[in-house]
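Given below, in the form of structure tokens, are the structures.
Common to both upcoming complexes is subunit A, partnered first by subunit B, then by subunit C.
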Partner chain A sequence: MSKAAAVQPSSALGRWWLKWRFHINILLLLVPLAFMPKYFADASLFRGDSGLGEREIGTVQVGPWSLQLAELRNEAPRPDGPAGYMKSFNAALCKTCIDEVKATYLRIGKPRSLRAAGVIFFGTPYRMGATLPIPERTKADAELWITLEGWDGSMHQASIPLSEASPATIAWLAQQGGKR
Partner chain B sequence: MSSRLFKHPMRLAITVVLLGFGGQAMAHNPMCECKEIEDGQIRCTGGFSDGSGAPGVTLDVIGYDETILVPGKLGADSTLTFNRPAAEFYVLFDAGPGHIVEIDQADIEAP
Partner chain C sequence: MSKKSRSKLWFLVHSWLTLPIWFFVLIVCVTGTLAVVSQEIVWLATPEARATQPSDDAPLLTYEQVLTAIHKAEPALAVQSISRPDESHFALVASVVYSDGRSPSLYINPYTGAIQGESPSFNFQQFTRALHGWWLVPFTNGYSWGWYLVSFLGLPLLGSLITGLVVYKKFWKGFFKPNLRFNHGARIFWGDFHRLCGVWSIWFIAVISITGLWFLIQAFMFDNQISISTTGNPPVVARADVPIMPDGTPAPQISLDQAVKIAAEKIPGLEASFVSLPSNAYGHIEVGGPGWYPLLFQTADINPYNGVIEGSRMIADRSGLELVTESMRPLHTGDFGGLWVKLIWFFFGLVLSMMVLSGLLIWTKRTALATANALKRSNKPARVPVNTQTVTARSTQPEEANV
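After this line comes the complex of A and B, so read on.
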């Protein structure tokens, strides 16, 4: 018998550790379980099983067309490095306007022109997404402008208060205002 | 390639971490910054938030009355320098429909 094996820990805890130390790694299998709820919530959000987004804003009438709007996440804008803070919205065009609408844009404040109509929604018309930059100096009474461009060349616009579109963004802006 | 990757645990770890960030790196939002340099000139630098530059992208200086004062394209270094127009204007970095950045003249820093 070697000398090392002859040394036996005297305490009960020491003996327990020697006997089970290898098998404890099975506990590592439990680690992913903690992340499961968030994983499945995200999967259902991105699949659309839990609706258009985390927070539905409602239907907005834009000229002859309408669209459903939702916040992807019911949270404050997320930073995107030097591009500033970004807020993601999802939208679904009404069934009859899918064939007529060429592009959907989103902007804070009234667009100066169609060229500067803001960020464009991309994806299927049943579930489009756009990521809107939110300047930190945005006023609390700012409006979110939706611009729809038709295949026939027509353009229709509508606006909703930002406070209605994203209360979380308004709360975040109030915080930013306090810092500056 | 992969056999070499798996021989170095650190390299593998970095790869896994980078894969995790992949979803975030996909978003590359347009960005543009304008600064006034000497002699009433303004220099605008365009790019994307994933760190890539924007050489050749359209950058127009447009008056408040929607006339295009300076039609331009960013140079190889992703910048464009122009004389400050006399009329009120804004800068439009235009990387395609919906991929724009507007900078109002009020937001252009003095030197």
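After this line comes the complex of A and C, so read on.
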């Protein structure tokens, strides 16, 4: 970089740059301003102030117990490096079953045993989350299976259609199918 | 290239580095400075966040006593973790979930266990960190591009330090002969100010820029699945270790104080600064705190049913490379030695912000003028050979020492 080059922009691009370069500051400052509503919406979502998740799925009866299920985000699965695509769900156990349920699991397709019940929920019975891998070849009519394990060793299962659990995932799967 | 023109080139590089984005750089410096003392600002603004001792000899409660006190006041509350900030004037912070699913943090008096208040929905600490750290750009797929944007500034910052030291001849003299001329006009004053602040914050600018660049490398490595981590998968409690309860009620667990005691046996000198409760029936109680090396935490995972330590992360478990890379964040934030270290980081953060500002003032008063002059001159003659131009520019350009 020489002084002469900085002083005498010969090209149109150079002149344009000389005239507008300080306006980059304004563009850069607009970035956090533009993302601020999203930031506060996310802060409220993670603090539980705006409900269990972005989209409530409803109450699912699992044997003698029940739980409320929600999509953390009402959107397609997110890529997570080599682990593939992930979809986060939140759940809350019914008030009466909090002390009876030992663990809650989520899986696409019916689990063959308790050991293959899927991903386990982390958190408190009032608000817990699980992140479920969604293979790209998942069928559109797949079912989401919920397994509850009791402290007494009992196990109860229920399922809901994936299309009911996450329409955004179904839409995404349809798109994946189109690509292949 | 002659020695003189080489140093002039360095000087130009120094003058123009990040100039078009000076205001962005300034705001990143200011928000970083605020983030260093954000916990203290919350302490000042929120009486509930303070730890008031009811009497001079009132002892601190143990974690189990605190947990009991919380459950006595709010039986339905689920507690996820309790942490004890490393300065005694802060209240304990308990991360909890209410039965309606709201999950704020609670400020707990460390002497009485009283719930003093709930963290406000606007979290000043998190907000300043998010603004400074990733410019509020959300993380959707790996690191956010705001993170890259901010951490990239480490490069020009390091460049400014190096070129600044190259052009400031015999800069070490500035330590002992501080020169701050007040009555020679604004340009002289800001020039002196810029150099004086510069020499005294060499170490700080080096620390901030190198750790900032590490954040850039870290994001790049994560997003490209490059890992240097020696941590394995987090341990889970074996199915056989979780008792089956014929009456259908939750299995009894060891107390938090027992867990702390077990951890202290494994980690000599551990002052448990946080305890996390199991995050499900197959989770561990995690106890952690700083060890002999103040920058890093050591943690132990304790099986809540039988009290066995089933995982731990000690200083000695880290590879040499990890010791360095894991030290980067505390070095950047100044959060490793209590209030005084934070105040030093805060002070030099202000100085660095002022460096950006004074640099800009000097630029507007000198480089912009010189540039305008040079432009005027070069427009007059039809076509001046490049050589002549350079000479002209050099002769009218004030030398750095005269600024």
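Remarks
Here is the rule we use: the second predicted complex is superposed on the first by the 149 of 180 C-alpha atoms of A that agree within 3 Å, B and C clash if a C-alpha of one lies under 4 Å from a C-alpha of the other, contacts with A are read in each partner's own complex, and residues count from 1 in each chain.
By our rule, a contact is a pair of C-beta atoms (placed from the backbone, for glycine too) under 8 Å apart; a residue touches a chain by one contact, two chains touch by 3 or more.
None of these values were measured; they are calculated from a predicted model.
Note on subunit A: of its two partners subunit C and subunit B, the one contacting more of its residues is C. Legend: residue contacts after superposition of the two complexes on their common chain; A:Tyr105 is shown touching subunit B, with no touch to subunit C. In the superposition on chain A, A:Thr131 makes contact with subunit B only, not with subunit C. Contacts of A:Ala116 after superposition on the shared chain: subunit B is touched, whereas subunit C is not. When the two structures are aligned on the shared chain, A:Gly84 is found in touch with subunit B, with no touch to subunit C. In the superposition on chain A, A:Asn25 makes contact with subunit C only, while subunit B stays out of contact range.
Residues 81-82, 103, 115, 120-122 of subunit A contact both subunit B in one complex and subunit C in the other. Put simply, subunit C touches subunit A in their complex at residues 9, 12-13, 16, 20-24, 27, 78, 80, 97-104, 121-123, 126-127, 130-131, 135-138, 140-142, 146, 149, 223, 225, 239, 242, 244-251, 279-283, 371, 374-375, 378, 386, 389-390, 393.
Across the complex, subunit A meets subunit B through its residues 80-84, 86, 103, 105, 112-113, 115-122, 130-131, 133. Here subunit B touches subunit A in the complex through residues 27, 29-31, 47-49, 62, 66, 90, 92, 94, 97-100, 102, going by the rule given at the top. Of all residues in subunit A, only 1-4, 6-8, 21-22, 24-25, 28-29, 31-32, 35-36, 38-40, 42-44, 46-49, 51-52, 78-79, 81-82, 92, 95, 99-100, 102-103, 115, 120-128, 149-153 touch subunit C in the complex they form.
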